[in-house]
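In the two complexes below, subunit A is the common chain; its partner is subunit B in one and subunit C in the other.
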Partner chain A sequence: MLNQDILDKLEKIVGSSRVSWQQVDLVTHSFDATQRQCMPDVVVHPTTTQEVSQIVKLANEEKIPILPRGAGSGFTGGSLPVRGGIVLVLTRMNRIIEIDTDNLVAVVEPGVVTAHLQRKVEQLGLFYPPDPASKDFSTLGGNVAECAGGPRCVKYGVTRDYVMGLTVVTPTGDIIQTGGRAIKNVVGYDLTRLIVGAEGTLGVVTEIILRLIPQPEARKTMLVAFTSIEGAAEGVSTIIRGKVIPTTLEFIDNSALSCIRQAGGDLGLPEHTQAVLIIEVDGASDQLDPQVARIEELLAPLGVLEIRVAATQEESEAIWKVRRAISPSLRQLNPHKFNEDIVVPRSRVPEMIRALEKISAHYNVPIVNFGHAGDGNIHVNVMVNLDEQGMRETVEKVLKEIFETTVALQGSVSGEHGIGTAKQPYIAIELSPETLGTMRAIKKALDPHNIMNPGKIFPELNPESPLPLLENSAV
Partner chain B sequence: MLNQDILDKLEKIVGSSRVSWQQVDLVTHSFDATQRQCMPDVVVHPTTTQEVSQIVKLANEEKIPILPRGAGSGFTGGSLPVRGGIVLVLTRMNRIIEIDTDNLVAVVEPGVVTAHLQRKVEQLGLFYPPDPASKDFSTLGGNVAECAGGPRCVKYGVTRDYVMGLTVVTPTGDIIQTGGRAIKNVVGYDLTRLIVGAEGTLGVVTEIILRLIPQPEARKTMLVAFTSIEGAAEGVSTIIRGKVIPTTLEFIDNSALSCIRQAGGDLGLPEHTQAVLIIEVDGASDQLDPQVARIEELLAPLGVLEIRVAATQEESEAIWKVRRAISPSLRQLNPHKFNEDIVVPRSRVPEMIRALEKISAHYNVPIVNFGHAGDGNIHVNVMVNLDEQGMRETVEKVLKEIFETTVALQGSVSGEHGIGTAKQPYIAIELSPETLGTMRAIKKALDPHNIMNPGKIFPELNPESPLPLLENSAV
Partner chain C sequence: MSNQKDLEEYAHVLQQCVRCGACQAHCPVYSETGREGSVARGKIVLAASVLSGQVVLDERLQEDMGLCLLCGSCVTHCPNQVPTDKIVGALRRKITDQHGLSSVGKKVAKVTGSKSLMKTLIKGAEFLSPLLFKKIPESSGLRLRFSPEILKGRSLPPLAERTLFDRVPEFLEGDPEKGIVTVFAGCALSYIYPQWGELLIRIPHRLGFSVYFPKKQGCCGMPALSSGNSALISKLSETNIGALNKKKSSVILTGCASCRGMLAGHYAEKSGSPFDSKILDIHQFLVANGVDKILAALPQKKQTTRITYHDPCHLRSEGITREPRALLQALPQADYVEMEGAGLCCGLGGTFTAHHPDLSRMIGDKKSSGLKKTGATIVASSCPGCILQLQDIIDRNGLQMQALHTLELIDQALTDEQQS
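So, the complex of A and B:
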């Protein structure tokens, strides 16, 4: 696809040291957190918006696919070069340009690692809430592309809620500014939020203006052990209905707990614990105990075996250790994991959990559920051995049934991981042809040659290759 | 433009009692809160999404302009039928379909009056924060179209931050659902937020899913009188930098205060008061006094004459009376008011205020400034007598200079009123041709015949009619 002339032009734009088509570099940039691999033709490391613009202009003229990429930690194949082309690695654009403590604003390049910014602003008493599990290596550009979430979204919202403005290189290579540093802005269409979550299909983000908030004075972690899954699931909407909005409200079911136990983890939980909620509240120091007391009062009727409230940072860490022990322990059940990040309205969590139990029993396939139940976002882990005969087909049926149930309960097939390639086969369960058609019309208007991260989100743009089932490994 | 055949078809869709081309109905729907009038050809009152879809399909086939309209309380001409056509009055679609206390969600039709929903949810201990000054008559559909704001946005954000999903009739008459009831949703492009603030140019909103939050336990109002405008302006970012986020942070300059005095208002303020901040904090009852104390401490060095903290609801009302007295009193200065809702980063408010004083002195035109300074959103009122010779040209220069200064200070020409027709001449001061081009490409892709609220936002779509200066009368 790429002749020497194009490679020469790329070298002219960024210098030869930042262009590579050596096998080792192509392989390095051929995969993400899914188990799939697609080889690019060339890897380019731009360092400025101008360079990105020139590269995209070239790609647009030559009709070459172009793939913006950060850490490659996405779970749905969003950064896979499924049609080859140019991988545009943005990790060298990793400057924190400004932290404006007067206006509570940070200006960053897309390659900044999420946790790096968080640490920097916390030193100034400020707070950047979005906290995807991959925050120690994921980049803010990737967070913007996928509209990343995390456990703290119950109270603080998702990446979208913190993006005030962007510099974007459009699919035709133009450089545009969207939004800005002012808190209110109603001048023309909200391009900022159109780009957030568009999975890199509408342009390359080269600068991000982020809203910060004051750091909460203190936080408190509690773990609640329940006699039944039902009780814990009911607990989620009981808390919200009780008008307490915790920072974090994580759910862990009994199969996840037994995986941890089988992996040798000592949870110190009461014997008959069937499910656990991990709850964190934050705010002014003297507001934490009243919130904890209110939550205890709300949960009491739901079959509570134990409530553990962390008194120290170490005790809080011990509680979070339970949550973090889940993912590594799941392979106890079976070697292959299909993790889906469905989301339903909070009050439908109990129904969803019941439905998942039924699907698990019906197909005789273990399904482990845990995750950000406080916003209805459940990580559903279908654990299988794909070497078993017919298992691939079974998993396809199981996933389809899970997504259909989710949508029937007014939910969404992806709460924070996006569609990428992995969920293309299921997007039409949620979106009507007219809604998809509206999105496609926007894509076509802004990217007439379909060069910008092609083959993502829209199943119809990929008719020639029905996508294989993807196994992924979300945390 | 509309022949009998089309009128017959409209009557067939909604029934003859809900279609009118009588002069009285046309006149009634020919203006909004600007001082401009444009006659439509026919007024239609649909009551269902299906009816709206059929009407839009007809308009699209016949290439007739179609104007969704709520209360017509907009300040920038967004609901003016500048090219005639069908005015689609949505005020009869005014049902609150559901208030879901489990998930803190309300589902409403677009004709619901903002304050009506607020009162309903407050009875349930819930809170819908956006509070445009027109909330007692503005509709939620209009709020969505313009992404309405209000004083409480400092802490709670704007309409966009509360819209979870929409039912939209696209410009080709398709019915689509965007977003949904789940808090997280990253399935395809964020059409919800593309429609919010698009001023009815991308479709007709026929149902709105709104996020609610628990009602704060209590609030407290304070008024701070300053010896200088500078001190009050500095106070705004001093408070935010001090990591206090009040609910409301309103600024009133000395010319506004003297207008109230001239109109006979007794403010009971210290004699040499040059500017005032009205500040409201909310939260748990026992968290109010600490916030008030912290604000007092932060403002003390800035030339404070008096701090009045309301101890009762009546005292709070008395403070807000000062704020509400401004608008009616401005005509003391001159008969004609040009109100612009510029917004700058909070820390630039003092510079902006200084620049406005200079512009006022240079052109010898009174400019009165007040408004939502807590988010940098200042209502700039240029008070003139248009009967004076050359005044129209002077105002044009003044406004242009105000907008250029705003953008130079990293601000935006509209914080909450939108572009409509009134700000078209100035949009290019803020947006580059490439950014405008991207927006136009989306408009063209979704509305190929340019029937949906044509002649709004984009100056280029209106080349034949350079727009007259609009006088408006914002609160």
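So, the complex of A and C:
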């Protein structure tokens, strides 16, 4: 509990209606999509960069943890107040400040919801490609902090590729600008890239300059059903090797398909379908059919049961429905889900999928794989019942083996969800002590009192793990 | 006997929320407040915390629980269909059980019980008189939903002289082959808009059905639900179940989305539907009986009026969006245009508007740009509450439009045809 003096000061900065330490508000800001729970001491809703700066200065002086929070949709515990402190909710800083159609640039506050910006720029014939599945509710600040990706990243890249500049309140409360609106910029260190993906541990982002591109004229969606998982996995690398870069290239394995079926979903797929690829291409209208034809030609030798090309918007929607039906249906298998978002170089996707099948068989634990395979990013869902004897230990072994295999295949333990608290135990599998040491030195230099989202990313900084589960919730 | 579930009975349902946050994109209240306590996820965590004793039913909790329109948007879009509206209802009842009714809740409670009293009191222009309104027995939904606080400064419908009960007999004989349908009108269609209530009865009769309109029916209990008054909901539902089950009929028809939501949803919360026949929204019934085709076959008028449609939350969240449109699009006298944001909540939300008038207006005003862009002169809907709120939004924003019930337009077309 913070002393009254500090609470008074916070009230002075933002006004009493935007500060609360009532239990109800603490509880509603004690969790994110990881379903762990840690209580903060106070919740503040700032509305300006200046307010944020003053709050951070106060926190730095008093050595109180600061937790930047967007929509709280993070999958790795990034916004959890593991050491209590001040939760800084940025949803009220939600203005789209400017859309500069001359330079194809948007300037936004961090609380703008991703899809809101997308809708706005699309009305102007422009396009902001990063599309995390959470785009209808995640904030751009959260996207920047996690370097969010999505299905379209195969062709268009991730959030990082669209951030041109930032306004950041540093852990000591200074307000700095990084990058800018010009396409080229080599003055000093690239702090923009340092802050993007830093999970809010190096400062609070209060303004974002984003690059926009012209909206593609048209797109086409297709679904390809395969006789084997192997064939579909090969399909991913074959398409890329064939020098076609689809907008999206999503992979769904047979256990995911059977979950949807068990949940009562009718997929209308051929009976012996073992895996599916959902592929979307975009560009000028007359370029779509040749791309589709090329993909069909590349995939034909890999055991294709059916290729469905959507002719209308409704048909395309029906294809995407299959993809969206997966997540909610996973519970059919087991109550508890460990969702990892590993990534490997695209040519190694088939090897990775094979390895996952082996691990699943060896430990007798269902692993459901699907995701943005086109960029090598596979969502690996280890589905278990933790109430079973010894299951916790088994899960730990399974995860460790998955991550070790990933890294051995030149991959990475997280493609887009970040480390937060959830993946701390595995970060050293990927990063050498020297690399980790360099990162820690940067953190220490910018945040001497370790107040900015402490207890995240670096393992030994977080003594109290595992975190308590949220009351009354399933994992 | 109560047909409402206690919060405790929702304990396992609370666990189905995976905390993904998807509901944020669909909650009209959250889109205004940006506060986690306003959205389904926050409310579910609070409900779980109440059960575990982590939070108590203090004023701050009551405030967050008050910030819900019971619109069901979050439920429709939740990957696990967690029934937040029902959970909020249960939590509100828990709050009232422990702390008694709020001042608005108390007012609601007095009006909704006695129908005869309501009938005498809510009459003609007198309804508008705050003095008289004070005498309204506090057990009618009208008292809560259309209380002087709410009506103040609002565009009001021209008031009807006679209530629905004075306008139609309890039983209208039709073609014996067609069978009997039972009608539930609800407060608004009985007292404020009886002319539309009458169509709810007359149109099925015109199609050849015998129509039973039991006089014993009362308020559906939506305002009581909204204010967490479990005793009153039980009393009202018992009366209505008895009245509507009295005569064997093929369906029970409703013309008010909120009433339908109560009858089909909340009455069935605990042990399934208490009714002997199926509840059907009037639009579903009309389409099932080919009225869209009948309308489409009528000669197209030379001069048409441009119309659009607003989806009441309590129909949209039940997937009833196609039927009203099918009927409107088939009208010979109208040219239908789809409105941007047709499914956005109007902001009325049971007693929400009485507790949070400003927030309610802000939510409602989000509809104004969509309304304006249609260029329509009529916005039809199928919930009297929405219609009242829509007219208010229209007038406040200086638009030249009229909000009315879809039934009026349908009746117009059918009547014109008969006369020509």
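Methods note: the second predicted complex is superposed on the first by the 461 of 475 C-alpha atoms of A that agree within 3 Å, B and C clash if a C-alpha of one lies under 4 Å from a C-alpha of the other, contacts with A are read in each partner's own complex, and residues count from 1 in each chain.
FYI, a contact is a pair of C-beta atoms (placed from the backbone, for glycine too) under 8 Å apart; a residue touches a chain by one contact, two chains touch by 3 or more.
Fair warning: this is a prediction, and the values are worked out from it, not measured in the lab.
With both structures placed on the common chain, the touch criterion links A:315 to neither subunit B nor subunit C. Contacts of A:105 after superposition: subunit B is touched, whereas subunit C is not reached.
Within the superposed three-chain model, A:92 lies in touch with subunit C and out of touch with subunit B [touch as defined at top].
Legend: residue contacts after superposition of the two complexes on their common chain; A:237 is shown touching subunit B, with no touch to subunit C. Look at A:296: by the touch rule set out above, it reaches neither subunit B nor subunit C. Of the two partner chains placed around the shared chain by superposition, subunit C is the only one that A:328 touches, whereas subunit B remains out of contact. In the superposition on chain A, A:376 makes contact with subunit B only, while subunit C stays out of contact range. Across the complex, subunit A is touched by residues 100-105, 125, 146-147, 149, 153-154, 158, 160-161, 170, 174-178, 180-191, 193-194, 196-198, 202, 213-215, 237, 240-241, 243-245, 284, 286-287, 290, 343-347, 372, 375-377, 410-419, 423, 427, 430-432, 434-439, 441-446, 457 of subunit B. Of all residues in subunit C, only 11, 14-25, 34-37, 42, 45-46, 48-49, 51-52, 54-56, 58, 60-61, 64, 79-80 touch subunit A in the complex they form. The touching residues of subunit A, counted against subunit C in their complex, run 20, 22-25, 27-35, 45, 71-73, 89, 91-92, 94, 111, 113, 115, 134, 136-138, 327-328, 331, 470-474.
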